[in-house]
Amino acid sequence: MVRTLMKPDDIKGAWAIIPTPAMDNASDWRATKTVDLDETARVVNGLIDAGINGILSMGTLGEAATMTHDEKLDFMKALVDAAAGRVPIFVGTTCLNTRDTIALTRQAFELGADGTMLGIPMWCAPSLDVAVQFYKDVAEAVPEMNIAIYANPEAFKFDFPRPFWAQVAEIPQVVTAKYIGVGNLLADLSAIRGRIKLLPIDFDYYAAARMDDSIDAFWSSGSVCDPLVTTTIRDNILQARETGDWSAARAFQARLGPTAAPLFPNGSFKEFSTYNIALEKARMNAGGWMNAGPVRPPYHLCPEPYLEGARQSGRMWAELGKALAAEK
Amino acid sequence: MVRTLMKPDDIKGAWAIIPTPAMDNASDWRATKTVDLDETARVVNGLIDAGINGILSMGTLGEAATMTHDEKLDFMKALVDAAAGRVPIFVGTTCLNTRDTIALTRQAFELGADGTMLGIPMWCAPSLDVAVQFYKDVAEAVPEMNIAIYANPEAFKFDFPRPFWAQVAEIPQVVTAKYIGVGNLLADLSAIRGRIKLLPIDFDYYAAARMDDSIDAFWSSGSVCDPLVTTTIRDNILQARETGDWSAARAFQARLGPTAAPLFPNGSFKEFSTYNIALEKARMNAGGWMNAGPVRPPYHLCPEPYLEGARQSGRMWAELGKALAAEK
Amino acid sequence: MVRTLMKPDDIKGAWAIIPTPAMDNASDWRATKTVDLDETARVVNGLIDAGINGILSMGTLGEAATMTHDEKLDFMKALVDAAAGRVPIFVGTTCLNTRDTIALTRQAFELGADGTMLGIPMWCAPSLDVAVQFYKDVAEAVPEMNIAIYANPEAFKFDFPRPFWAQVAEIPQVVTAKYIGVGNLLADLSAIRGRIKLLPIDFDYYAAARMDDSIDAFWSSGSVCDPLVTTTIRDNILQARETGDWSAARAFQARLGPTAAPLFPNGSFKEFSTYNIALEKARMNAGGWMNAGPVRPPYHLCPEPYLEGARQSGRMWAELGKALAAEK
Amino acid sequence: MVRTLMKPDDIKGAWAIIPTPAMDNASDWRATKTVDLDETARVVNGLIDAGINGILSMGTLGEAATMTHDEKLDFMKALVDAAAGRVPIFVGTTCLNTRDTIALTRQAFELGADGTMLGIPMWCAPSLDVAVQFYKDVAEAVPEMNIAIYANPEAFKFDFPRPFWAQVAEIPQVVTAKYIGVGNLLADLSAIRGRIKLLPIDFDYYAAARMDDSIDAFWSSGSVCDPLVTTTIRDNILQARETGDWSAARAFQARLGPTAAPLFPNGSFKEFSTYNIALEKARMNAGGWMNAGPVRPPYHLCPEPYLEGARQSGRMWAELGKALAAEK
């Protein structure tokens, strides 16, 4: 199997981040084969039909931490088969060390995944050198696999400083990054010199797109609450760039932003990170567009008031989607 | 195979924490079968001959994060075979989730390990409920396996508060804990009500033993720099308790304490945690008593001045051991 | 003395944040009357001549912590006298408690200051309720004094969450805020509902202005390295808004951004905060436009390599100013 | 006025930390002269009558942050007059900078205070150099005043590392320290080489005293809930040292420890620090031995459930005192 690496500008538009749909018993440690493969195929098809440009999977909310190895392979295959080459599929291959990561990344490549959304081994906080060398080693070992840096400071105990971006930008396999926040965006863009396509979160896409013209793609976990909202976020920016009139995009941002608030318990990002998976799956299930199912152990426990906030966030997103459909 | 669980008071004296000895090429991601099984057997025999009371393995410095699954099984078998029932062997089975942990713990039990030194899945910071339920689930799934709580706040993103200790004390399989610090010791002892034997680090054993009579065991990573220092720490306290005269134990603590200082880069525990494995293996190799070998990726990179501090710490420990031998 | 409060939209354009110029002996604890009043007057006149729209003073780098009470009054008077009503003058009146703050704010009002740039008492970390009530009490006590919230998380042990902004927006005296970062800007703007003019830092002004049209003012400590850079930042945005062409503003941002980097030791904001005053004064002195003088105790000690980074930042700003002058 | 500096071994036994008793209207920012001088005199006399060995005042719970300058002088005078040389009086002179601290320390000295319990200016986090030089400067400026290092990491943004202790131990005026925790006690004792008498908190005194014989004094904010508990803590250790039998001291520690728990909201030290003053005054008022009065602004607001926990802590201490009285 020989494949050509993507280029940063091959990454465009709205990239869905999806959960790993779970069977009803998936919170029980006795359960095996917990991936709902039918729902997986349905979701991939639905997202592609809705016009989503790419799919990221098996990150934190995608339960890369809590799937068994066999479940990971089954899920990867289901994703690739369902997409059938229509959009790029990135799967998560983050493990506790370099060698396991390389082995899993090779398997993902063999199964046909286009890339890996790859975080850093997180038992010890990585130094800058450790973080950069890790990506270099994986790239060297699986040279035809595209890499999306998975820049999650809470999960990986690393703050992804500017020198990190400058150095991983030298790795041809690193074509994109699931990025967080906009506070350092211009400085980080300066460090990467056009060699990595940074993807902000959907809620930040308006701001990021205004800050720099190179921002023309983003990630969206809300896409599985209703992909119409996600594609609208994308199309608003496209239209603004064509017409030079950003007022509609700004106005839509004012409708979108408030849907995020109830997802964060007491407004705390730290609390959100602790309950990330349970909150995101509750939000998605409340969105009504897909069935994300229950949470795999040990992360299946979450205070009910927090879950209710997440559900409210999902319902608000879904209602925004219904309003958009009605406005068309 | 039917076994009887240990009781907290079965844990006594000096418990060595050991590294996983590595072959010369172990820092290369291409390497396989990196465990030096001969050195493993030699170290276990040496520690037992020196009078060590138990062995803990496959924690952070034991590279549980970076060994492959096959290497873990090989190493466990080598430990159990070498010990041959003379002292209890606890192996690390910490994984990224509950199900993988259970599977590995079962394998460790089948291989004859007496217990698991078990940390908490660390992709997400665990809530109190998640942490407690995790230990309950593993205990339920492998009910004949003894559990040592591995209480490492940096690794597991959890501060092990008093309610945690109160709740895990209800789990019969939880017999001991690799504990850190003495600041909360009396309060935590009050919470566990005698149901868990807390093991402080060698450097804190004098202080902890004075604080409460129930403290009669400890862990020592220095034991593989020279086990005579470790058994002396133990025997000093035994003698003090018999005679009521603590002056020799206090005086020895004043000789022991300074050997820790150069292990911490710029005095920082956070920096130490980032480079934990590289520093501990450098210290052990400098001790001269065993060959810990190189560090597995991605944690094999460490600034040279930090390594030199660690080596100095190892040499100081070894010199203390030589002085003790001469004093006998 | 009766005065009318400002309105948020009275705050426009480029606001200089200035140091308190110090006599040569000001680092000695024996020194008294350490404020260089001549330089103060010269700087105020120079900034106004250069077209600066307002002046903020006596924050962290303005050494509000380390001036004596008499020096504060002398400096306030010098500022007000020099400005002579041409631009608004905000002085810092942050103290260790509510009553001292009110007393000093009243004195500032009597001396003719237009407003106070006011942080929160910082001995204890304030709760949300404490922070909000503090501003309410000062506003009630000195009702004709304009208040700029001084939102510095490191200094005041407070992260200025969205509910804070929602609640202080109800206080008529709170007309503006020295704001930091753009990561939460849209959410915070939503919370304040147009009732507070948020001022981003000069380095973030381009990004913030693109994110929301209400952002039409900013603060600039670089202004005293060369005010021409600061007014250019302002005018670029004005012009972009008139023409709809943001390319020149974006291009200038790419020239401006790199001047910030050497100000942060090892890229660390935390290290910068520890040495804030020494670094900012070194930067300003290296800029060559004014003489900020030495640092008052206890904050006068700073590693030389850090100072050299700050000086480099100041020289880069000054060189940018020279280039702008040449381009005109 | 010429006085001789104390020596570390002049500091012995139980040192009370007292609040600044407040008049009923003290939470109102309009209030002046808020110190209840009668209650101050009554408390000092009561503590001395109960056998307390020294008094520390005007720290965090002593509201050094929120008293006006005049109130500080009034309170200092009341303390000194009431003590009348019977026990040493240390007053707090922590200010926002070196010069104000020196001026206030001189006034305290002139008023007859024996020492200052001195924290570090806390607007900026101090570097090690800044912290050490601050104490050197104050000592040089007021050479006859004894200094107790006030080692509060939350208040002063400083973690008081071992090199700090090594360096301030060179300053003759630094005779003692209000110390916190026992985790670093042996290492810090090694650094200070007998030149500073470290005072642990009452709850840690048993542990600290067992760890090292040089620990023969401690601080106690509980003393104003009932000083009999505090003197019993002291006398238990004295008796154990005489008899070599520590069992009674250990048993009393088991009765004392639980009274601390409800003082910490949700077991959190960080939450306690935010509401320190309100919680400590609520605890003291519930103790019933003295009237600490209300809290000065801005720290007068605290959630009622937190206050109730603090009151419970105070009642438990008082009940322990009653039991002790009955046991005599």
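Letters A, B, C and D mark the chains in the order given here, with residues in each chain numbered from 1 onward.
We adopt the following convention: a contact is a pair of C-beta atoms (placed from the backbone, for glycine too) under 8 Å apart; a residue touches a chain by one contact, two chains touch by 3 or more.
If you're wondering where the values come from, they're calculated on a predicted model, not measured in any experiment.
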item	value
Contact-graph separation of subunit B and subunit C, given in steps at minimum	2
Whole-Å separation of chain centres (CA-atom averages), subunit C against subunit D	37
Whole-Å separation of chain centres (CA-atom averages), subunit A against subunit D	52
Computed distance of Cα centres, subunit C from subunit A, in Å	38
Interchain contacts (touch definition) - all pairs	A-B, A-C, B-D, C-D
Residue numbers on subunit C that touch subunit D, as the complex places them	29-31, 60, 64-68, 95-100, 102-103, 120-127, 129-131, 133-134, 137, 141, 154-155, 270, 273-277, 296-299, 301-302
Of subunit B, residues touching subunit D in the complex	161-163, 181-183, 185-187, 190, 206-207, 210-213, 244, 250, 253-254, 257-258, 261, 267
